[in-house]
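Note that the chains are named A, B and C in the order they appear, and that numbering of residues resets to 1 at the start of each chain.
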Amino acid sequence: MNLLAQQLVNGLFIGSVYGLFAVGYTLVFGVLDILNLAHAAVFTLGGLSAVWLVQAAGMSIWLAFPLATLLAGGLGLLINAAAFAPLRRRADSQFSGLISSIAMAIIFDAAALGLFGARSVRFPPGTVKVHVWQIAGVTITSLQVGIVLVATLLMVILTLFLQRSRTGKAIRTVAENERAAMLLGVNVSGIIAFTFFISSALGGAAGVLYGLYFDSLAPDMGRSIELKGLAVIILGGMGSIPGAILGGLAFGLSEVLTVAVSGTSNLRDAVAFTVLFAILLLRPSGLLGRGKLREA
Amino acid sequence: MEQLAHFYAVYGSVINFIGINALLALSLNVTLAAGMLSLGNAAFAGIGGYTAGVLTVHLKAPFIVSLCGGTLMAGVVGLLLGMPVLRLKGVFLAMATLAFGEVVRIAAVNLDITGGAEGLTGIPNITRTWMIFLALALAAYFMATLRRSRIGWGLVSIREDETAAACLGVDIIHYKVVAFTIGAMMAGFAGAMYAHLNYLITPRDFGFFIAVDLLVYNIVGGTRIWYGPILGAALLTALPEILRGIGVAAGPIRLAVNGVILLLVILFLPNGLASLFTRWRPAAAKAGRAERI
Amino acid sequence: MNLSVENISRNFGGVQALLGVSFDVELGTIHGLIGPNGAGKTTLINILSGVLPPTHGQVLYQGQALHHLPAHQVAALGVARTFQNIRLFPTMTCLENVQAGQHLTAQRPLMPRLLRLPSADREDRKLEERARANLVRVGLQDKASHLARGLSYGERRRLEIARALAFNPSLLLLDEPVAGMRRGEAAEVADLIRSLAQGGMTILLIEHNMAFVMEICSCITVLNFGRVIATGSPDAVRHHRDVIEAYLGSERGDA
């Protein structure tokens, strides 16, 4: 029982990071009907730049984290400017946007390799003071709690922002119907740029949290999460933010449980992708999605 | 003559890879021609390669039998996978095929018969350069001719407008499955040849990045004509060598160059480099009008 | 033997697009389908061409039920159509659009082409000639090697007709064939449609251009809110009380 509880708790932690990552993914998809495949690269750069800020610039993590997040947001603006905005007029903009995001991902990965080298790095010891608690036989560290809190906080802020603020409503309008939004006087290109900013900022934040959690960051850390992020947003329903959050949690839990049940980590990913496959075939709109099949 | 032999000694392996990659890129072109964003061909190559490798190593089968076995296995899996999956469109199809690819790769890592993460070793080096390029020439001829046939016209109609194509009598699902299966067999064949090239194949040879690479070859080269994928594969496979020749070492710069090329192509030459030679010139794209691939 | 629409109904979620639609189209005639916007005309064409299944009812063409068939099988029975918002193959030339439309009647087998047999070239030449002939019928022969998406609106409608004719259909469903055309262009299309009917083709067309409809149709069915409110000769329909009310009650006037 304790073991199960421990697994559930672990799954919750990693799941909240997945959820944060997936939220950024799904936000762009919801607004633009495009999959931004450079999201994982932003995730990587966000994490790595936080390490650099702490290590080389001697900043505290409390400063480095928001800075890295903002930096990631800036990368999002770059992605939009270079890869998506120029293609918006084209009829095949969804497909070509996909391809140009792949191009940006390759360029960002090259940048990560060039700036940080190929070996993996970690946050210097003492970056975060970690307390370990034992509650009902389950081990929880303050780091894990902190990660969940930060991730949850960001997701809650985002949800409130989208619901309540004017810009948030503008974003939802553009997501609903771009033409109508334009006719209503919404600055559509500005909103799209801003959406990319938020989405990539969240992705970068997820990267920092991921790096803190696993105590290891490398230029290829985006690889493993890239497909998982896709699986999560399919599971939760593309374009649905609550879906991404729930999907992330569910995914994290299923990963951890698979390892626990099978005793090996090899099959972990296989189960995940088989589930993804099954969902695509049976209910492509996901758990909370919009129920419509879309073209690339 | 001696210079030629020397050139081949140094660059023979790159030349072989160009041939294999061009074959793989062509295999993806069959489905791209119909507008399907399938990314499963790396996995089919893996299935073909492993099947052929196992036939040669464990069952001591002759090369031809292994080749056929690999191709057929890939085709059968393609057929079985295609029927449920081809109802999906666009990004969803891409993801389903990517997921499929990952499952295949993980299976290869975990099964004993495939040698696990280290791969299948001890495969005799039977493939020769001339074989690869003969196969490539035949495949290219097949693709060029396909466009003039009923199937070819049907596939392109599907890509242009599925509903209109259906109302003209094109059986969409049937044609998609046919294209998917042909592409799978071609990829399986290429994989089988590849397996007999370097004494071993590993799961990494057919993973996610290879799948994306094949798409990139097609985009950069151009999907609308048979030599587009070949052009893209040749250029991007040879590029690291060319860069090394002018002093750019492996690593970030080479990677960045790939990314920049892809970005420039999709922004300014959306029908690929081949469009420089055919009628889908950049002028039309600059006028801002639709270019669906 | 004709086209028999029997009690066709179609709802989308809560919206009843069509209810109990029944009428017959005699072979070799030009039958008009009119009604205010939103009356369900295009939905009906979608059902007739197999793009959409009906919720109830059946459609019989020359004795064969086609309401449950997928679009490509309906086409194989000799039914062709054009689309209200025009679905051409945008990056193909006009000629290629028509050649693509020859799918059901063109064998174009792969083997002879792989072997470069002269029969393959002969077939290709013949098919090209036929495609050009279709372009001549709609007056687009000069635009044969122009890309479809570069054509004017009226030209694109005409190209769609040429493509629909490419597999020699016996039933042609036209969705607003002369929308956006000047009188001269529309008159040419009218001539084309009349000559097709004279050749034995059955034509069902949707149009808002009243003068056009009244002039070439021998029988007209009027839809309003998904129901048939009248079927008859142009004169009968023109003076029908319900029809007048339906049109005066909506914003759509005569063309």
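In this text, contacts are C-beta pairs under 8 Å (C-beta built on N, C-alpha and C of every residue); 3 or more make two chains touch, one makes a residue touch a chain.
Computed from a prediction, not measured in an experiment: that's the story for all the values here.
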Contact-linked chain groups that survive once chain B is dropped from view: A | C
item: Greatest separation from chain C - chain, by CA centre; value: A
item: Rounded Å distance between chain B and chain C, as computed from the means of their C-alpha atoms; value: 41
item: Interchain centroid distance [CA atoms averaged], chain A/chain B, Å; value: 30
item: CA centroid of chain A to CA centroid of chain C, Å; value: 49
item: Residues of chain B whose C-beta touches two or more other chains; value: 289-292
item: Multi-partner residues of chain C (each touching 2 or more other chains); value: 90
item: Of all residues in chain A, the ones touching two or more other chains; value: 91
item: Footprint of chain B on chain C - complex, ascending; value: 49-51, 70-72, 74-76, 80-81, 83, 87-92, 99-101, 103-104, 106-110, 113-114, 120, 124, 147, 149, 163-164, 166-167
item: Touching residues (chain side chain B, partner chain A) in the complex; value: 37, 84-85, 88-96, 98-100, 102-103, 106-107, 109-110, 208, 212, 215-216, 219, 251-253, 255-256, 258-260, 262-263, 266-267, 270, 288-293
item: Residues on chain B engaged by chain C in the complex (per definition of touch); value: 141-142, 145-146, 148-151, 153-154, 156-157, 160-161, 163-172, 280, 284, 289-292
item: Residues of chain A that touch chain B when the two form their complex; value: 35, 82-83, 86-87, 89-92, 94-96, 98-100, 102-111, 113-114, 118, 223, 227, 230-231, 234, 266-267, 269-270, 273-274, 276-277, 280-281, 284, 293-296
